[in-house]
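Structures are listed in the sections that come next.
In the two assemblies presented below, chain A is common to both, partnered first by chain B and then by chain C.
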Partner chain A sequence: MKTNGWRLTETEWRSWLEGLLRAGKSVIAPVEENALRLFSPVTSAADVVVENYSNTQWSPKEFLFPRSEPLLFYRFRGDETELEDPGLDDKEQVLFGLRPCDVAGLGRLDDIFLGESADPFYEHRRKQTTVVSLACDKAEAACFCTAVGGSPAATEGSDVQLVPRAEAWLLQALTPRGEELIAGSASAWTPASAEDWRQAEEQRLGVEKTIERSPLSKDWAPRLEETFAQPLWEKLGQRCLGCGICAYVCPSCSCFDMNDEGNALCGTRCRSWDSCAFTRFTQHASGHNPRATRPPRYRQRVLHKFSYFPLEHGERFMCVGCGRCLKLCPVGLDIHQTVRAAVSKGTPGEGHQ
Partner chain B sequence: MNGQRENLFRPQLMRIAQASEETPDVRTLRLEFRDGKAPPKFEWRTGQFGQFSVFGAGECVFTITNPPTRGGHIQCTFRQTGKVTSALRNLSLGQSVGFRGPYGNYFPMDDWRGRDLLFVGGGIGMAALHAPLQLALDRRADYGQILVLNGARTVADMVYKEEMKEWANTNGVTVVRTVDPGGETPDWDGEVGLIPNVFERLNPKPNGSIAITCGPPIMLRFMLLALEKLGFSPERVITTLENKMKCAVGQCGRCNVGRFFVCRDGPVVTAAQLKNLPADY
Partner chain C sequence: MAQTLESSEARAAVTQANEWQPRIVAMVCNWCTYAGADGAGTARRAYAPNVRIVRFLCTGRMDPLFIVKAFEQGADGVLISGCHPGDCHYVQGNLLARRRFTMFRALMDFLGLDNRRLHFAWVSASEGAKWSRIVDEVTASVREAGPLPNWGRLGMGMANPAHSSPLGHSAPRLDARVPPSTEDKQSISSHLQQLAADLLRNGEISSVVGYSCGTLPEQMVPTFVTDPEQVSALDWSEHCANNLAVYLPDALKKKGSGKVAIVVKSCDAKAVMGLIRENQVKREDVLLLGIPCTGLWQNGGLALKCHSCSREVSPSSDWTITPNGAQKGAALSEAERKVGADPRDEQIGILESLTSQERWDYWQRQFDRCLRCYACRAVCPMCYCNNCISDKHRPQWISTSFDGKGNTAWNIARAMHLAGRCTGCDECTRVCPAGIRLDLLNRRLAREAEIRFDYHVDEDVSTIPPLTSFRPDDPDEFL
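Moving on to the complex of A and B:
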């Protein structure tokens, strides 16, 4: 049944979450830990923190693409080796309270991991996952979702979306999966009115107006590719310290390393997050390194996200404008500014002094 | 995996059936399937590569050095350089290694029918030429004259010494061996000189022939210049890219040269393609 969605009190949506927990689902939601906002599995809906909720320190990608995970177990028996696939948890998980940019980040992970050679581990977790997004009622200084095709109330990729309003919370199910998630509770909720949604739309437009960063055009992808040999990369890249924080906090960065960890009897082949900012990311065993210094590594990061990826994946950037890398870069590198500087082939502007 | 999709990263278990020393640090292994026969549907094309693993040390990319005409097993030639290759060298006959693949594109051997073939390899780069050369020898009538130029830093570093004798004894095949100046021994009867220079001295005429060349980056750079100078069309000059890889299925993000993912779009490239790629290899 097509509805206008619902108008909920905070108590109502929290008790809905409580119900999901009781039904045995794993609920991952924003919480506050050591003064940081983080996504974490919760045991009670009361733990979920949505007040003054800016973006979490880490993106929620780790719940689909863990920081480190086993791909294979091996065990030695004389000259023989036995292999075993890791078991996968069948528990359903609800990712609750994701900002629309982080939901878009999951879409980029889908592009990478559910392509031609679909990753069985990611795919399994993705199937177990339902996404409840939380529209933004304000933007932070580093936010630029609208510059990369997003919006503070984008619904793409969400199964359910919750919209905070001054007096109430609006909720709508966007997919059959979302309908199913609210099925047990919706009968007790108050339907929202067309006026409620009109006001929500007004709120979205208001938030968008506060995002000042200018749009990055998808038509720039071929031009950016041509900047490969431009001196600007040397200039910008020299500032990069190669710490890798940008990749670790990024909701769409998906590069990984694979290593064996074990002892003389047995071990695990692990996959772990990695970053193109690291020296050894591309270093051959011979010592030859195609990206031997920081400038080509920084260029790789930017061009991958804004040129190579969109040219390959239907014009979507591999950046969702969450702003985490801007906030956390120790030397203030600003990917939005960099892209603009690169297409204008000029000197980097404000923010890059 | 609970009835899920097959684990992309689970290798086939192989047994080291034979090991031959090419040089003090290069070894060729013959790997047989642990269960004695290749799994159904296991096939590869000449020039494809695999991820070879030593459990406990990790995985390493090598080209499959035997062509499908010599199937039923897998062969690789590797130089002991890093962690995995050192561990691999420490394994004995009968011990287990992992193989996953084949991955990547391949040499368009069928398109080369009727043409002369020039194989120019430097050091361990020769390994990438081994499979297409053997295929051409196995289908000798399909191809014209074959030139093999195998170069190494020193006489001791020359790979496939024994096999070169066989190749040289095949009708229509010329084998030229060269070592870098200073790398020769008193009894050395091959050429002395850097590979691109020796190649230029040989002065082969392009005549529609295919030149396949592999070796260290610096040799490759000058080899491509030499080929261009001698009038070889860049579409008929073939090499392979060797970027670092982990997943081999286009996900881990490190083998790319611009938009070109070596694991998926390579490793085989023409000099014409290479000219259009950014200098990121």
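Moving on to the complex of A and C:
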């Protein structure tokens, strides 16, 4: 049972945010422009939108892993090539109002970018980042965090967590970094009681009950891999149209492409998001494409998240159950259902070719 | 990002004079205007030095993306010039170019680019004097418009509550229309299943492209049935959003001996006929299963495209499936259907009432948010190119990086490629995760094709899309 933490009003946490902005931190939080909810740097705490439960249209990963980022600038001078480092921004950023699934998504990006050889751009940005999560008091029809090991009030990865309750907000710092973030303001707040946290726990259980999708098992990873060459994928991926929505709104998708933008004299080498659903993702210079049609591309997406990644990184799926791809897929592909169908229809023993 | 190709000497000279000078790119044809400009030089005619000439074989070769590229790279204005009508070295290149330019100009005007930056002219090889006059005029006009404002130079496109859309976002209502009753939907579904099973059994068709229930509330998703035992997957409701025509070219490649049957709303049928018009699909390979449509319901309201739609069943239907049964041919309803004003036209009107700068800012904010997921392309039945211009790298017209310039170029290219071809199903807009109003761009250009070229996209497959044809007397008052 958690006993520390605070019980505060909305005005109190908004003025805390205002204080962070005044202290020169970049605060990134959900805001709405014409009913489209997105994470965005805010200039005033009043702009932060937490009402009418819904997750943002896409995940906040772009603040650690930008859609496109310059890796270097180049310029040709005669036979010489000058290279220039784009440099790194030292401004500290606070990611505020991330749902626990999006926080889990950052954890997956950490697995990828901070693994054996850390990516310097990501690592730098990650060190400048403090995460304030917002526990869920509702779930949407597409939510399935509990099916992939998450929870509507998971705290892993958060430095501070805010829990909305009907009558007040509960807040707790979970890491020294989080403690530091609230240090200036906490003295004025009312401490939360054990009863407050008991009720928050009840709220979590209540929300979990409304998430109907059944758990996916990590033990399925080898079985899923066995389905690789089986014809069922033709059917499962048949209606995929090959757009990049699922990968681009996903909190854990981390594939990228590197490309030069420039002309004969100078240019920029960029790293940009890429999606396994695109034809060009696996296209060779020769023109040959090992994933020549859309179903194998969809298979790659599913198996990467539910088979290859857990096999490689131990216990975690590369899916956090935020449900965005289910909601936004133009043809209603449901990755949760696909995994279940592949496991139940796949023929055990007929392995990878 | 220091990457624009700037002529530093030229810029330095300008700065020395301490005064902004317009930079204009002139794209001219080799046979007439280039020779004309040469003539002007030989005759020692003085004209404004602001124009950089790029020589092409024909104005008909010019892609709107060339103009986009010029602006991207810092041009303040663009002039296109070629042979007079009737003089084209390739007979009709200039006349096709005129139509393309007409459309492009309308699009750029709607996007908020000042029209004083875009010019088109006929200058023959003997018209050196005209060339020098036109360059002076164009330079004066671009000078009046001033330096090009931000072209794709906003930051990464996040939401900002300070920018409320001029369009608002309240859902317009059309009370005359109601969704079909549960009984009607069930009858339609069961008649559809019966018909599909019969046609599959008798070998007339080898597969059906239809709808079935998705995993989210109210969601309907595309489904493919090839086995008469599996027809129970087919379903129908007022939430059947997808335009299934997008699957036709692929389904036909895989088809067996029979035709491919496709479930269509009347708007979807226009796309099927569009594919037939453009020789992507053969009429005899397709069986259209028309379902009387009372409109598509999205987020609790009638889809914008449905308000002005008066067509319940496509006249091209090979079968019509009503709650009373399936009958051969198109069973057109006799009662006149109540239609409302098209809310998209009203919104286009709102945008057109703004100043061009306001319009430019509005669209730049939209494009800045574009994720380049290419869902607009993926769901579009008329986007069937095997190798999309945005995937081409040599040369690269549209940046791979997600930046304002590439996003702007992509959205312009998409709209232009569909100009006069878009069937108005609005699928691109439904699926856009960034909420960009592509439907307004498409519709604005469809209207331009109607006004300028008297062309209306419908089910007649014998018409020629307006940008692949011309009339010698096409309007060109913008010259």
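Operating definition for what follows: the second predicted complex is superposed on the first by the 342 of 353 C-alpha atoms of A that agree within 3 Å, B and C clash if a C-alpha of one lies under 4 Å from a C-alpha of the other, contacts with A are read in each partner's own complex, and residues count from 1 in each chain.
Just so we're on the same page, a contact is a pair of C-beta atoms (placed from the backbone, for glycine too) under 8 Å apart; a residue touches a chain by one contact, two chains touch by 3 or more.
From a predicted model like this one, the values you see are computed outputs, not experimental measurements.
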So, on chain A, is it clash or fit between chain B and chain C? fit
After lining up the shared chain so the two structures overlap, which partner does A:Ser40 touch, if you call chain B first and chain C second: first, second, both or neither? second
Report for A:Val249: first if it touches chain B alone, second if chain C alone, otherwise both or neither. second
Who does A:Ala118 touch here: chain B (first), chain C (second), both, or neither? first
Based on the superposed arrangement, let me know which partner A:Thr81 touches: chain B (first), chain C (second), both, or neither? first
So in the superposed three-chain picture, is A:Asp90 touching just chain B, just chain C, both, or none of them (first/second/both/neither)? first
Which holds for A:Gln128: it touches chain B only (first), chain C only (second), both, or neither? neither
Touching partner for A:Asn55 - first (chain B), second (chain C), both, neither: neither
Answer with first, second, both or neither: which of chain B and chain C does A:Gln161 touch in the superposed model? neither
Quick one: the Cα-centre angle at chain A between chain B and chain C, nearest 10 degrees, please. 80
Look at A:Gly267 in the shared chain and tell me whether it touches chain B only, chain C only, both, or neither; answer first, second, both or neither. both
Please state the minimum Cα-Cα separation between chain B and chain C in the superposed model, rounded to the nearest whole Å. 6
Overlap of the chain B and chain C footprints on chain A, listed as residue numbers: 257, 259, 262, 264, 267
For chain A, which residues are in contact with chain C within the complex? 31-41, 47, 49, 57-58, 62, 66-68, 70, 73, 75, 141-142, 238-239, 241-245, 247-249, 257, 259, 261-268, 270, 272-273, 275, 278-280, 326-328, 330-334, 336-337
Could you pull out which chain A residues touch chain B in their complex? 71-72, 74, 76, 79-81, 83, 85-88, 90, 112-113, 115-120, 123-124, 225, 228-229, 254-260, 262, 264, 267, 269, 271, 274, 276, 281-286, 288, 290-291, 296, 300, 303-304, 307-308, 311-312
Enumerate the contact residues on chain B facing chain A in the complex. 1-2, 4-11, 13, 15, 34, 53, 55-60, 81-85, 94-96, 98, 216-217, 242-244, 246-247, 249-254, 256-259, 278-281
In the complex, chain C touches chain A at residues 1-3, 5, 156, 158-161, 163-165, 167, 169, 214-217, 219-224, 242, 246-247, 369, 371-375, 377-379, 391, 399-403, 427, 430-431, 433-435
